[in-house]
Each structure stands twice: as C-alpha cells, then as structure tokens.
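In structure tokens below, several structures.
Here chain A shows up in two complexes: once beside chain B, once beside chain C.
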Partner chain A sequence: MEQETSKQMLDRLLAAHYSEAEAAKREGKLVAWATSISPQELLETMGITTVYPENHAAAIGARKNAEGFLARSEANGYSVDICSYARVNLGYMELLSSPAGNIPLPDLIFCCSNICNTVIKWYENIAKELGVPMILFDMPFNHTYEVEEGSVRYMKAQILSAIRRLEEITGARFDEDRFREVMRVSTETARWWKQASLVAAAKPSPMNGFELFNYMAAIVCMRGKADGTEIFRRWAAELEEKKARGAGPWKDAEEKYRILWDGIACWPYLSDTYKVLKKYGINMVTSTYPDSWTILYEAGDLDGMARAYSSNYVNRNLDFGVNNIAGLVETFSLDGVIFHSNRSCKFMDFRQLETARQVEARTGVPTVLFDGDQTDPRAFSLAQYETRIQTLAETMAARKGVGA
Partner chain B sequence: MKYLGVDIGSSASKAVIVDNEGVVVARWLKHTGVGVATDVIETVLAETGTEASEIACTVATGYGRKLVPGADEEIAELSCHAKGARALVPKTRTIIDIGGQDAKAISLDGYGRIQSFAMNDKCAAGTGRFLEVMAHVLGVGTDALPDLAAASGTDIRISNTCTVFAESEVISQLAGGGSKADIAKGIHASVAERIAGLAKRVDIVPVVCMTGGSANNSALAACIGKELGAEIVVPEWPQMAGALGAALYARAIL
Partner chain C sequence: MTDTVQQEAKRLAQLLIDVAADPKAALRAHLAGGRKVVGCFPVLTPDEVVHAAGMVPFGLWGGRKNAVESTKYLQAFCCSVMKANVENGMTGVYDGLTAVITTAYCDTLKCIEEVWKVAVPALPSIPFVCPQNRKDPAALDFLESAFARLAEALGAFGGRPVTEEALEKSIAVFGAYRAEARRFSLAAAQHPWTIPAAARHGVLKAAYFMRKEDYTEILAALNDALGQIPDEREGKTGVVLTGLMAEPNAFLELLPDYGFYVAADDLVHESLQFRADVPGPEAGGSAARRLAMRFVGVDGCSLLYDDEKRRGKRLIELCEAHGARAVIACMMKFCDPEEFDFPLYSKELAAAGIPLLPVEVEQNMAGAEGLRTRVQTFSEMLRFG
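After this line comes the complex of A and B, so read on.
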C-alpha cells in the first residue's frame, strides 16, 4: 500500500480529532477548551481531550458558515466590535451544530493570554455560563525588546500552579516522565512545522503558502502528538522533493512575485483572496501568523518552555515586529508585504501602519493594507481587495523593471 | 492610430482617446458608474465620432474594469491615475485622488513610478460618496457645495469617522437650526481632515496633484491644501486622469 500523503494524513487526523472528542464526552471523560497557543503539554500529559475553539471558529468561517453563529451571539448582546472567533464560538456554545464539524462542550477552560486580551473575557464567560473551572495563564505584553526575566518567571509559576490545579480537578497525579516526553514531541512537531515552512524560501517556492493556513489546524490541534510530528515531517519531505525538481507552487501558473501575509487569514474568503493573488502570479511564501506555533525549547526545561510561551510574536514590541518582518523579507526573497487589517483583531492591527512604514523604509519593498475579518464575512469587499492587490502587483512589476 | 482608455468608476464612467503622440483627441463622461452598459466602448466611439478601426488598443480601469468587453487589458486605477496625473501635471510627485468610493494618496518617484500608496478603509467617509450623501441631506447638488461653504463665517465640526454617523449629525444640526452654509463648510473640513490623515501615510512631496471628480470642488481642494500645508494643483479635467492614464498605457502597450 502506498504511503499516505501529508495532506491525506492531515484530513484523516483532523476528522479523528473531532470525532474522538465527541466520543470522549459521551464516555464521560473530561474535555478541555484551550486557546491556540496555550501550554497544551500539561493537558496532553494528563491525557485530557482538548479542542481549540479558535481553530473550530476558523473552520466554520472557511466553510462559509459563520453568519448564523455571529447572529446568535449578537442577539445575545455581544457587540459586533468583539472578535469574530469569540462571537462564532459563543454562538456555537448554544447552537452546538455546524457543518464544519462539532466540538463537545467543555468541562475545563484552559486560557493563555499570550495571543490577545480578548480571550480572557471570552473564556471567562464560557466558564461562568457553563459553571466549569478555568485555568488562566496571564501573559502581559512585552514592552521591552527582549522578554524580561520577570515575565518568564511569572509564566513558569503559572505553569506550576496549573499543574497543581489539574491534579485537583482530575484527582490524578501529574506524571513528570510523561510530561518530559510530551515536551519532546511538542518541540519536535514545532521543529518540523518550521522546517516545512522554510522550504518556501527556495525560488520558486515549492509551496503555495496558503497551504500553511490549511496545515495550521494540525499544528494547533496536534502539536503534542506523535501523529502531528509525522504530518509535518512528511510535508517537509514532500516539499523538499518538489524543490529538488525545481517545481513551483502551481502546475498551471508561474510564481512571479513573492509576498508575506501579515495577520490571520480571511477564512470566509480564503479561496477568493487566494485566487486574486494567483491571478497576478503572487505567491504568499510566508506569513507572520503560522510562525506563532514554532514553540521551541529543550525537553525537561521548564524555564525554556515558559520563555517560549512568553515570546509569541504578537505579544512582542514594535521593534521586534519590524525586525521580524524585515528578516523574513530577506530570508524569503520577498517582493512585497500584504497586511490584513483584521476588524476582529485590534491587537494585531494597532501597529500595522507603523510596521508597514518602517518595513518599507528598511527593505524597500512595497506594502499594501486591506480591510477584512478572520471570520465575519460582512467586513470584506472583494473588489476593494483586488484593486489593492493589483496595484501592489503593478508596483512590484515596476520595481523589478517588468512591464510598464 | 488612436488609443482608448476607459475608466468605469463607482459613480461615473470616463473615457479618453489619445493619438499617436499621446495628445488627447476626445473625452467622454457619463454620470453612471459600474451600472454602465456593457457596450460602453461602442457608446464612447459613437458619441465621440470615432471609428472602431481607428482604435489600436483599449485599456480599462476603475472598479468596473472587468465589465468592459473588448478591452485589450485591465490595469488598476492607481497605476492609471499615476500615469494620467503625470501627463496632466508633469512634475507630480504626490497624487490625491478622491473617487466615488475610494480615496487614495499615491507617492511617485522622480520617474513617475509608484513608490507607495495608501487607500481608505472599507468605510466611505472621506470619499465622493460622503459628499453626495451630505449634499443630499442639505437638499443641494454636489456642485453647489463649494459656493454654499464660501458663504459661511463659522467653523463647525462634522464627524468623519462614518458616513452614516455624519449624516445623522448633519440632520441634527439642521434640526437645531444650524445654517446650511456652516454645515457645508464643516463637511469640507471633515473630508479634508480625513484625506490629510490618509495622505500623511505616504511622503508628501510637491508637486501635489489632486484628481478625481471631487477635485472639481475648489473649496475641498483648498481645505486639503491647508490641512497638508502644501499647495494643491488641480489639472483641467481632473476626473479624466484615470481614463487618460489608461489611454496612455494603451499607447505604450502597442
């Protein structure tokens, strides 16, 4: 029998991820809802079935199915200005049925604010409404360039405290040996994720970067599992093989321009946004967003783990953000940068204009900003998006001395 | 031979025909935007007395650029406005274009190539649509706004965050007995402030040229100049800049 491709494996394991969570719930096992970049190692060590509402909301958005959930939470009084992942999830919590797959209600809330502040109130609401315990990892914004030692110690103390709370909640002992193994696997998965994403630095890139958005589900949901490692090990090998053949991202089109996409995808318009880029020969070869899951540390090193979770890029200061993108412009030989001004994520949008200005000044590549939203289909206009992308393409062409 | 540029915007359609030397030989304007008929090229040719066989190449631009069957190429409106503005005002380095639903600021290098650009967000505040809505509330045509504003001696503030908010604000002002002239002046200041905020995102290097239908509004151009602390040059036929750029691209393609 032929070996499964990474994509086949991804689809199979994602389906299993959701069905196993429902089975666990039916069997009376504990189910946790966790934020996407939380120390899932602790839950995995305790054998707690975990699902990720952000990932689920993204899947609902990508299936063009968000509106019913948004309407429900808005009818409940949640403002349209609140993050659409939160609104989709808070609506889902009541409707509990989606063509994008279902997640069972939680018995435990596991929330880390290293990605944004909204998650604190959003998850608190769930915990309060359902009367389930919540474990919170509070991660203040890093105003200094490097993450301060105090922040790392603060995170480490919260990890230790969470371990005690998990023992109390489950009545089971936290197995240090198993923890060490989960740490090893989690880092290994992150390493292969990074490895695969770096293959796109080749010219032409063997990867159509929107694949990063698809494979992201696995890095969110399966980082602590050996199966997760295998998906990315296999994907990296497939990309390396394409690279060796000199294959580009598409069979029917040539990669003319290489860009970075800053911010979350526009899930309801994933294919529309992709097709417009492809039409102009633009390949998204890298993005700031998927790199959030490159969480690396040594197995057994709790300080390193605390530091890794404290260092997520969205929680870092402006200079770090600019250096990060300027570095990617060089590593991936980029021709331009696209900023998704995401109505849901004020946290990411806040500094985008200044980041764009500094990146342009530093690297000389043109940038463009468009309005959209991660899951609310009402906050995006395809015609406006295309005008901006086409202009970017024409500007990149002029810089390269091609055409007019 | 001749070259045709067609610019289908959100509120008006424009066309320019240039000859081999790039000199404008015909202009055409219709106050219908994207809803314009798909036989727009035939209409332009008929109404400008041009034979189809005379046109060597046609370029379409604007929001309705895909609705022009028969066009040889589609080029984004920013590139066309840049080319058109440089043709109208040769030393242009900064362009402010206020269209029906988009406002843009474009920074050009010394050769006229786009260096950077900024566009409005999804909201229509600061665009031509904003002025149309406000003129409607005041019960006047958009063309009458500058003269109305000129009659005002008082500064009042109108919100520029959102067209709908601003509309209800104007209605409240009118209901409170506010003068139409003062409100008209406030509306211009509101748009100018918003546009200046957008324009400051790119380098403002003289010559600053203003294009788009709203550039015909002298009060608005003056307000924007004041906000930016720069002289604004408004070419003759500012609304035609996009179509002219498209026609010049058509000439360059062949």
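After this line comes the complex of A and C, so read on.
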C-alpha cells in the first residue's frame, strides 16, 4: 500500500481530532479548550482531550460560516470591535453546530497570554458562562529584547501551579516520565514544522505558502503527539523532494516574487487573497507565524520550557519584531512584505506601521498594508486588497528592473 | 450657616476642579517648585515608589485631542485615550516631565510602550508590567522585582534611592489620600446639589496632577464641609457609573438635567484608584511586598484577570449599598477589556432587576448632545417603567 501523503494524513488526523473529542465528551471524559500556543504538554501528559477554539473559529471562517456565530455573540452584547475568533467562539458556545465540524463544550479551560491579553478576557467569559475552571498562564510582555529571568521564574511557577491544579481537577497523579516524553515529542514536532517551513527558502520555493495556513491546524492541535511529528516529517520530505526537482509552488505559473505575510490569514477570503497573489506571480514563502510554534527546549528542562513559551514573537518588543522580519527577508530572499492590519488583533496591529517603516529602511524591500479581519467577512474589501497588492507588485517589479 | 458651608465646599471643590481642567498648569507649578514629575499611564502604577523617590506621579489619561501626528503609528481603531497620550507626547504637551511609566494591562498598552520609544524619543519611558495571574504567589515576587527595577530607573533620572523608610512614608501618604477619596465619594453622593456629577469627577481627577499631600489636605477640608450640609438627595435618582472613565465632561453635565446623581462609581479612572489599600505591617513583609499585595487585592476591574469575574456582583452590591436605582456603563470606544465585560455584567444586572444604560464615549467626541435623548429616555423609563 502506498504511503499516505502528509496532506492526506493531515486531513485524516484533523477529522479524527474533532470526532475523538466528541466521543471523549460522550464517554464522560474531561475536555479542555486551550489557546493555540499554550503549554499543551501538561494536558497531553494528563491524557486530557484538548481542542483549540482559535483553530475551530478559523475553520468556521474558512468555510464562510462565521456570520451566524458573529451575529449570535453580537446579539448577546459583544461589540463588533473585539476579536472575531472570540465572537465566533462565544457564539458557537451557544449554537453548538457548525458545518466546519463541532467541538464539545469544555470541562476546563487553559489559557496562555503569550499571544495576547484578549484571550484572558475571552476565556474568563467562557469560564464564567459555563462554570468551568480556568487555568491561566500569564506571560508578561517582554519590553526588553530578551525574556527576563524574572518572567521565566514567574512562568515556571505558573506551570508548577497548573500541574497541581490539574491533579486536583482530575484526581490523577501527574506522571513525570510521561511529561518528559511529551516534552520530547512536542519539541520534535516543532523542529519538523520549522524544518518544513524552511524548505520554502529555496528559489523557487517548492511550497505555496498558503499551505502553511492549512498545516497550521496540525501544529496547533497535534504538537504533543507522535502523529503530529510524522505529518511534518513527511511534509518536509515531500518539499525536499520537490526542491530537488527544482519544482516551484505552482504547476501552471511561475514564482515571480516572494513575499512574507505578517499576521493571521483572512480565513473567509483565503482563496480570494491567494488568487490575487498568484495572479501577479507572488508567492507567500513565509510568514511571521511559523516560529510561533517553534517552541524548542530540552525535555525535562522546565526553565527552558517556560522561556520558550514566553518567547513568542508577538510577545516581544519592537526591535525583536523588526529584526525577526528583516532576518526572514534575508533567509527567504524576499521581494516584499504584506502586513495584514487585522481588525481583530490590536496587539499585532499597533506595531505594524513602525515595523513596516523600519523593515523597509533596513532591508530596502517594499511593504504594503491592507485592512482585513481574520474571520469577520465584513471587515475586508477585495478591491482594496487587490489595489494594494498590485501596487506592491509594481514596486517589486521596478526594484527588479522587470515589467510587472 | 448651611449657605456659608456650602459656599466653602463649592470653593474647595472648585480649587480641585480647576486643577483637573488644566493639568498643564499643574505641571508648570511643579516644575516651578523644582520638583521632578513622572507621567503615569493607565490603569495602575506603583505611585508610592515614584513618591518615595522624591518625584511627583502625574496621571496621563489622554485628553480631548484629535489624532494627527499619532496616525503615523496607530490605526483609527485604537482607543481615544491612548491615541491622545501618544499625540500629547509627540506634540510637546508632556514637555517638562522627567519620564513616563508605561503599562501593559491590555494589548493596546503593550504596543504603546513600543511605539513610544520611537514616537517620543525625547521623553524616556519606563515600562511597568503588572502580572495578570495575581493570585499565584509568584506574582508577588514578580511585582516586587518590578518595583525594584522602577526605583532603579527613577534613580537614573535623578530620583532618590527608594529606602524602606521612604516607601513606608509614601504608603502612609497614599493611604491617607485613598481614605479621604473614599470619604469624598460617599459625601458627594449625599450632596448632588453641591457636588453634581461633573464636579465629583473633577474633584477626583485632580488627584492625578497634585502632590498627594496637598490634594488630601484640600479634600479633607471639603469632606468636612460636606459633612455639615444636609442630605440633598431628595427627589433625585442615584446611579452607579461603570467603565474605564466617565469623560467627556459634557456627558456628565447631562446627568443632573434628568435628576441623576452618582451614588457610587466603579470606574477604573476613579474608585479603582482608591478602593484597595496597601495592607498594614500586620500583613507581614517589607513595604514593597505589601505594596505588591495591593495590586493583587484589586478585583472586579476589566483590565485585571479575575478568575471569579466579580464585576457584575460588585455592581449589584454597589447599587444596594448606595441606594442606586440603575447603572450607566460608560463604554470607551475600542476598549476591548471593557467590551468583553459588558455582556456578562449586563446579564447579571438584568437578572437582579437593575436597569442599565450603556453609552458609547470617546474622549474627543464633539459633544454629548447625541447622548441627551438616551439619558432622557432612560430617566423616563425609570420614572414610569
């Protein structure tokens, strides 16, 4: 029998991820909701079924089904100005049915503020509405370039407290050996995720970067599982094979320009945004995103784990953000950078204008910013997007001395 | 006799209201007195540390400023308070401050510190990050080291070393201020004729710009005067204000027109500043440790993680304790933490049978006439509903 491709494996495991969660709930097992870059190692160690509302909201958005959920939460008094993942999820919490798949209600929620403070508010509300316990990992924003030792100590203390609380909640013992193994697997998966994303540095890139958005579901949901490692190991091998053949991202078009996409995708317009880029021969070869899950530390090293979780790029200062993108411009031989000014994410947005200026000054590559939203279809205009991309293409062409 | 006392109360209140209306004048006075002044961002900063360093903490809560220069850094959907702070920094309004202490209570604030370093390079910033997981004992350690870093940073700008003795003294100064502010909140509620809603706001706001010793002295005298004036609440309707802050003033000025007075507030800008004290020596630990305990002890604030989400319960208790008939939510546009709390407490208030009027405010809104009809309708609903 022919080996499954990484994509087949991804689809199969994602379907199983959702159906197994529903089965677990039916069987009376504990289900957790967790933020996308939280220390899932603890839940995996305890054998707690975990689903990720951000991932689910993105799937609902990509299926163009967000409106009903948004309408429900807005009818409940949520402002249209807050994160649309939160609005979709808080609406889903009542409607409990989506063509994009369903997630069972949680018995426990697990929240890590290394991605934003918004998740604290969002999860606080879930906990209150459903009367379930919430475990918070608070990661103070790093205004210094490196994560300070005080923050690492604080984070480590929270991990230890969380372990004690999980023991109380489940009545089971936290198995240190198992924990060590999950830490090893999680790091291994993260390494392969990084490895796969780096293959796109080849020219032409064998990866059409929007694939990153698809595979992201697995790095969020399966980082602590051996199956997750396998998906990315296979994907990296497939990409290496394409690279060896000199294959580009598309069969029917040539990669003319290589860009970085800063921020979350516009899920309801995933295909539209992709097609506009492709029309101009623009391949998104990387994003600021992949490194979010490149959470690397030695198995058994709690300090290292605490530091790795605190180090997420969005939780780092402006200098780090600029260096990060400037480094990616070099590594991936980029021609331009696209900034998604995402109405849902003030945390990413309010540094973008300056980051764009500094990246341009440092690297010389042009940047463009467009207005959109991760899941609210009302906050995006395809016409504006296309105009901005067209301008970027023209600027990139002028820099390269070729016609667009 | 009452007339004279009332005049005296009004005179004292006006002293403070005038300060609140012109913070720039207050800043000039500090500078003329040779004092170093440190700007303090919302929502809570360890002002006792600034005071112990021999400097004046000075609140920076935006203002009626339109975004022009700051649009270079911040998109339109940033809250008006933070846009105004950056605008003020960029246009020289804060000139004369020695430094500013930025905070990280929400996603916007985290970004503002980063923007500030580039947008306002002439005015150094000192980031103060308050932990959110405040009930974890590690939060106290984290806060203590944050205070130590702040003290060290202030030292670099000419602040005195923050000794244990100095910090104890500052804690006492702030304890006295908070006690008088709480007393005033009660006294103002009983005297809506002498201290209508906008005046109450001005009196409390002045605390941000004055030396606490001076402020407390005037406030204590005002409280004494109010204590001699008979209750003025008859025929009026008490409300509890909640939200980030109750500005612009034009909105507050509408309230007496419809018989409303502020029975109590649950505003971050007002009572949150003085409702929790630094615990006394009986709590154990150094002055810094006890100062940290104050940050851990504040509950029911949208910008501080609250595992039990006590806001709705607090509002109901406030209404009951202060005889308020309704709650007015001052919804600062684009303030996510406030917007997340709203659906939950509105449900709890409805279940408790307490009417709620949400009004959307922005500091730089042209006027509040647009809100007049809403306030009027609400008052009629309370009367006849």
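Everything below uses one rule, namely that the second predicted complex is superposed on the first by the 403 of 404 C-alpha atoms of A that agree within 3 Å, B and C clash if a C-alpha of one lies under 4 Å from a C-alpha of the other, contacts with A are read in each partner's own complex, and residues count from 1 in each chain.
Keep this in mind: a contact is a pair of C-beta atoms (placed from the backbone, for glycine too) under 8 Å apart; a residue touches a chain by one contact, two chains touch by 3 or more.
For clarity, every value in this text was computed on a predicted model and none was experimentally measured.
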Touch check for A:L353: first (chain B), second (chain C), both, or neither? both
Counting only touches as set out at the top, which of chain B and chain C does A:S341 meet: first, second, both, neither? both
Which touches a greater number of chain A residues, chain B or chain C? C
Looking at the overlay, what does A:T395 touch: chain B (first), chain C (second), both, or neither? first
Using the superposition on chain A described above, determine whether A:Q384 touches chain B (first), chain C (second), both, or neither. first
Footprint overlap on chain A, where chain B in one structure and chain C in the other make contact: 341, 353
Give the list of chain A residues in touch with chain B in this complex. 341, 353, 357, 360, 366-369, 371, 379-381, 383-384, 387-388, 390-391, 393-395, 398-399, 404
Name, in rising order, each residue of chain A that touches chain C in their complex. 73, 76-79, 81-83, 86, 113, 116-118, 120-122, 124-125, 127-129, 134, 136-138, 140-141, 143, 150-151, 153-154, 157-158, 161, 317-318, 341, 343, 345-347, 349-351, 353-354
Write out the stretch or stretches of chain B touching chain A in their complex. 63, 74-79, 83, 102, 113-119, 121-122, 201, 249, 252
Which chain C residues qualify as touching chain A in the complex? 72-75, 77-78, 104-108, 110-115, 117-119, 127, 129, 131-133, 136-139, 141-142, 145-146, 302, 305-309, 331, 333-334, 336-337, 339-344, 346-347
